[in-house]
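In what follows, structures are represented as structure tokens.
Same chain, two partners: chain A is paired with chain B first, then with chain C.
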Partner chain A sequence: MEMFFDPKSIVVIGASNAPFNLGATICTMLKDYLQYTGDVYALNLKGEAVNGYPGYSSILDIPKTPDLAVIIVAARNVPGIIKDCAVKGIKRIIIETAGFSEGGEDGKAMQQEIDNIARVNGIRIMGPNCLGTLSTRKKFCCFYGVNPSLVEMSQIFEVPGNISYIIQSGGVAVLVMESLYYDVVGVNKVVSIGNKCDVDEADLIDYFQKDETEVIGIYLENVANGRKLMDAAKKSRKPILIYKVGKTPEGAMAAMSHTAGMANNDSIFDSACKQAGIIRLQSIDELHSLPKIFTEMPLLKGKRIAMFTNSGAFGSIAADLLVEAGLQMVHLSSQTQEKLKKAGKAFNIKNPVDIGPAPPQTYLDIFEILLAADEVDGLLPLLSVWQPFVIDTLLELMKICKRYDKPAAIYTANAIAKSIAIRAKHRIPIFETSEQAVRALSVSHAYYESLLKRNFISAPASSAASGLENNIGAWAEAAS
Partner chain B sequence: MITTVVLKKEKEVRTLLLKAIERGQQALSEYESKLVVAAAGVPITQEVLVHSRQEAMDQAAVIGFPVVIKGSSPALTHKTEIGMVLVNLKNREDAAQAYDELMGKGIDLDGVLIQKMVKGNREFVIGLTRDPQFGPCVMFGIGGIFTEAMKDVSFRVAPLTEEDAQEMISEIKAGKLLDAFRGEGAVNREVLVRALVGIGNLGMACDEIAEIDINPLIVTEGLPVAVDALVILKTHKT
Partner chain C sequence: MEMFFDPKSIVVIGASNAPFNLGATICTMLKDYLQYTGDVYALNLKGEAVNGYPGYSSILDIPKTPDLAVIIVAARNVPGIIKDCAVKGIKRIIIETAGFSEGGEDGKAMQQEIDNIARVNGIRIMGPNCLGTLSTRKKFCCFYGVNPSLVEMSQIFEVPGNISYIIQSGGVAVLVMESLYYDVVGVNKVVSIGNKCDVDEADLIDYFQKDETEVIGIYLENVANGRKLMDAAKKSRKPILIYKVGKTPEGAMAAMSHTAGMANNDSIFDSACKQAGIIRLQSIDELHSLPKIFTEMPLLKGKRIAMFTNSGAFGSIAADLLVEAGLQMVHLSSQTQEKLKKAGKAFNIKNPVDIGPAPPQTYLDIFEILLAADEVDGLLPLLSVWQPFVIDTLLELMKICKRYDKPAAIYTANAIAKSIAIRAKHRIPIFETSEQAVRALSVSHAYYESLLKRNFISAPASSAASGLENNIGAWAEAAS
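For the complex of A and B:
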């Protein structure tokens, strides 16, 4: 699989000097924007050079065997090209051309022919109908038609990150990358798998276990092999977030039983996600908004959340959201409340802790009291003031989170624009809405539970004890 | 803690399925369907298949009144709608009359089914379906005549762990019906879990089965009992 993302040589089949040639856009990107150091060959009818890369009219004429062939020619020519690739000994092919299994009977027949040649010759294929691969660390990308001169696009390569995306649609792949320009977490690899005649999401989940990937984001239009996906996901030690389109029932028409009549692909996909520890996303935005809770914060190991706010209103809104998400507003113990009282400036020492104007150190003292409390599993800081020192305060909060191994989902109401402007630079995981922040806590906990369920980790022995203390705290308060 | 529920009498089940397919049946009769789901660990009603009026009266007496009498045929997938189910029969005369009524409908029957009448206010459904991408999947939910109107059901991809089964039981909206309810005790979850895991394993083991409906699964004295069952076969005419 590595050769799809880090080939030392590549042939772009269909790259020519004709106007608006798509293959040529790949050559331009490799040479002018990525300064790709491997060998590039262009293949076209005239055998002409493209953007300085040597051109050939037959694959068999290329002086060496390229690691990877990228095909972007009319569909009807593809089977013949695959045959030539097989003769040449090319083992990795990306077919970016559309018009196969999605394009009627002829397309399906061609698809079958390609599959047969590939199987016999041990060739792995990505696509057809896709954009191919992108690797920020290897500075490789074979997406066609993407304008790499965009400053933002080059940013993707300048600061490699740790999310890898498997995206069935090329358009959505670019959309998700764009959304990350101003977010905290960068990209490791992106792959657009199209019709996935061979390489599919399950193969790539396996592959991403072994590289720098920390979170796997997936956009799916259909599941080709549900069980293969479940098996790969169950084994994954990295969170898998999937957004799947297509909630319409299918196959229900022919059903004879009530069970089959009520079963639709969507509810079964939902169950499969629960069984395999996959986090199913509610919107496409979550592909870029949620990964930072995994890469920048410890996991949420319980459901009890302490809230910190400068405004009672945000506290009430978030409290509703927490409960809807299956989390709990923690009941702070009398000891914790006593400590909060001593810290000063608090209008309310019960959850949500509400404080007025205060120096940064007071904020930090309160964050630490809350995160240190045994009854608290995670923090939801809702900050509605913005001063230059807030950045430093939040950086300090992140350290406290690491120290106590508990997450905080930061939301800066009334300062969203400022937060977004600074969060990528300072690498602070700030969420844009209270819904996003609560959702982040909830998926963090869901992932933690799935690790427990799969026996990848064991529950800390002290968790029951801390629950007990919390109860004692509540009783003590009720008695007072 | 994964306990696999072993399919009891696997050989007999397979023979029954293969014979039915050979005969060109699209589905098993209720009687055959219940044998199959019982082998997977689902408690079923006490019942006997009879072929004469006299047998109907005698067997009804053995089972104990009141009884339910149903026409049995693999062609009858929805019996209630065509009057092939007669309930609350209190004595031998009722049983005899019911037998005559069903035989008189002019429908080709392979016998008449005499069942103990199961009483209970809570009705659930257990089902099996095959998803084109995920294969055999088990369904659990609110059963009875409102099943499809309410659609309060949950699914899991087979095979199920006991934990999967517990989760899918807890997932339905009317989950409170599983606790003690209006004077009736809580539902025996262990039996329910075993039934769900068993149906999943049945789906994994028997490719011949396309779909299953166990509806209603009536809770009587805390125990879920399959009162009706339907096994749809895969027709091999691709």
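For the complex of A and C:
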């Protein structure tokens, strides 16, 4: 699989100097944006060089056997090209061309022919109808049509991260990468698998177990081999987040015209995900917004959440959201409330803790008191950045979370544009809405529970029990 | 009511030169940010001038009777001050001080005393525990603590708009205004009503019928007089959007500590809203994100939606969302499909219409064909801004929508930060997520239906019927 992401040589089949040629955009990106150090060959009818890369009119003429062939020519020419690739001994092929299974009976027949040649010759194929692969660390990308005006696309290579994506749609892949440019987590690898005639999401989940990947994000329009996917997911030691379209017949129908999948029964898929420990996403934006709760914060090991706000309403709003998400508003113990009272400036020392105008030290004291409390499993700070110092306290909060091994899902109660700007500048894992922050806590805990269920970790029996006692005690006290 | 928003003279009771004095922040804002042209008096123990405004130690010493008194002193001093105001003949008072009904038995007793003095003397009171009023057109605002670093807050006065807000929380008011600064719609008036011992949301709904307001946004933590609210809403000829906390007992409890409301039965509230034509919001962000569908676009008069995307996946995703929202994926007639085929560049001429790389004219042709089609009630464009020209086509789309009297809820499939920047710069009503765009169509149609139900408008009987026929015809055709 590595050769799909880190080839030492590549032939772009269909790259030419014709206007609007898509293969040429791949050559331009490799040379001008990525300074790719491998060998690149262009294949076209005239055998002409493209952007300084040598050109050939037949694969057989290329002086050596490329590690990878990327095909972007009319669909009808693809089977013949695959035959040539087989003769040349090429073992990895990405077919970016569309018009196969998703394009009617002729397309299906061609697909069958390709599958046969590949199987006989031990060739692994990615696509068709895809964008192929991208690796930030290897500075490799064979996406076609990437536009120089999409500044964000080229900049994600500058700060490689640890999220890898498997995305059955080029458009969604571009959206996710563009969005991460404004976030604190970076991309490791992205793969657009299209109609996935051979390499599929399960193969890639296996592959991402062995590299720098920390979180796997997946966008699916259909599942061809459900058992294979679930088996791969069950073995995964890295969180898998999946958004799948086709919850309604209309959505499934639209997906079918796009990437040729069969409509899958959504509720069956849903329960299979739960069994396999897959986190099912509720919106496409969660693909880029949620991974940071895993990479930047400890896992949420219980359901008891303390909230802390400097603007009372947000506590009320988030209390609704927390409970609807299946988490618990922790009842703070009398000891904790006593400490909060001493910290001063609090309107409310019960959960949600609510303060008025207060200096930075009060924020830090409250973070510390809440995260140190036995009855608290995680923190939901809902803090308006009404003064720049609030940003400094949030930077400190990230350290306090690590110290207590408990997460905080940070929401800054400000205009989204402003929250995003603060996040990008200060590298703080800020969520854009209180809904998103609550959801992050919820998926963090769901993943923790799936690790327990799969026996990948064991519960600290004593602490879980005592946590429960504490909470019962606090309830009793609150009720008295 | 007008005197709360456009007083010709005001006394700020509690404004002094002490450090961190909150009343002084009101004086600073009126003078330095707003260049308020009315008379301002400061009231404090020393009778000292504040920021150049004359100071007095007793209300009775003020040379004339101010239109409005704004009180921001310790709660225990408020009843005495109200008495002085009554003697002076002041008829409008805003109590910004907290610590009344939300602060225990003592607070409740003081509240009772205040209510009595006000009733006997014909004084209208806003608050307590609030920020008071803001009017962009009158350049008046008596919110305390507004920070000069909140650039957005002062800039909303520069471009008055037509959305008015009734918000039972200062923090939410600030968030909404800050957010609108990055959006295409502007603020007319904002009022933070706090514990609403006298003036409440129903009074303000009535008041907003007579001014420039086009849409009314409301944030509630409790409803004290449900019948009054619903009666006011039923008469409203302007859309009313309400977010109410307290869906869960935990949320209701948190709200109670904040603004002293009783927990209301949420499902009863929900059905009352439906009857009164109130649109109930699903998230706090909808307060600022949804009004633009009313101010910038015609109402959605039917449920049949055409989608148009330049990146197939977004059509599949939004198809799920549309159907889940109770709208319909329109089956395009054969005539419409024929026209789309002629426009060229389409991967899919059925709904969702999906195009590959295409020039601006193709976008414009498709907008026109879809909005002109009898079977289409509204448009959901899901367009990645992969080239700057897409922005120009969206500007043109706004005109086409007006021409056909049908709305488009525009989603640009780009990073949210980028979509917001495009929206702010080009004044295009762009929604930040596909969920938000679908929701906008949904609330637009819900409001149209409530106008019909309340007999404020009548349905164009023939067109509705023929629309239905067309759709049935198209279904039959698609199924054959």
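Operating definition for what follows: the second predicted complex is superposed on the first by the 442 of 480 C-alpha atoms of A that agree within 3 Å, B and C clash if a C-alpha of one lies under 4 Å from a C-alpha of the other, contacts with A are read in each partner's own complex, and residues count from 1 in each chain.
Here is the rule we use: a contact is a pair of C-beta atoms (placed from the backbone, for glycine too) under 8 Å apart; a residue touches a chain by one contact, two chains touch by 3 or more.
Computed from a predicted model, the values in this text were never measured in an experiment.
Participant: Taking the superposition on A as described, I'd like to know which of chain B and chain C A:Gln35 touches: first, second, both or neither.
Facilitator: Touch status of A:Gln35: no partner.
Participant: Check whether A:Ile268 is in contact with chain B, with chain C, with both or with neither, and answer first, second, both or neither.
Facilitator: The first partner, chain B, only.
Participant: Pick one for A:Ser316: touches chain B only (first), chain C only (second), both, or neither.
Facilitator: A:Ser316 contacts chain C only, not chain B.
Participant: Answer with first, second, both or neither: which of chain B and chain C does A:Gly226 touch in the superposed model?
Facilitator: In the superposition, A:Gly226 contacts chain B only.
Participant: For A:Lys453 in the superposed arrangement: first (chain B), second (chain C), both or neither?
Facilitator: first
Participant: If you count the residues of chain A that each partner touches, which comes out higher, chain B or chain C?
Facilitator: It is C that touches the greater number of chain A residues.
Participant: State which residues of chain A lie in both footprints, the one left by chain B and the one left by chain C.
Facilitator: On chain A, the overlap between the chain B and chain C contacts is residues 250-251, 255, 257-259.
Participant: Give every residue of chain A touching chain B within the complex, in rising order.
Facilitator: Interface residues on chain A, with respect to chain B: 222-227, 230, 250-251, 255-263, 265, 267-272, 274-275, 453.
Participant: Would you tell me which residues of chain B are touching chain A in their complex?
Facilitator: Contacts found on chain B: 26-27, 77, 125, 127-135, 137, 139, 141, 147-148, 151, 153-157, 163-164, 167-168, 210-213, 215, 230, 232.
Participant: Give every residue of chain C touching chain A within the complex, in rising order.
Facilitator: Chain C reaches chain A through residues 20, 98, 145, 147, 149-150, 152, 168-172, 174-175, 178-179, 181-182, 219, 221, 245-251, 253-255, 257-259, 283-285, 310-317, 319-320, 322-324, 329, 347-348, 350, 352, 354, 357, 384, 386-388, 413-418, 420-421, 424, 432-435.
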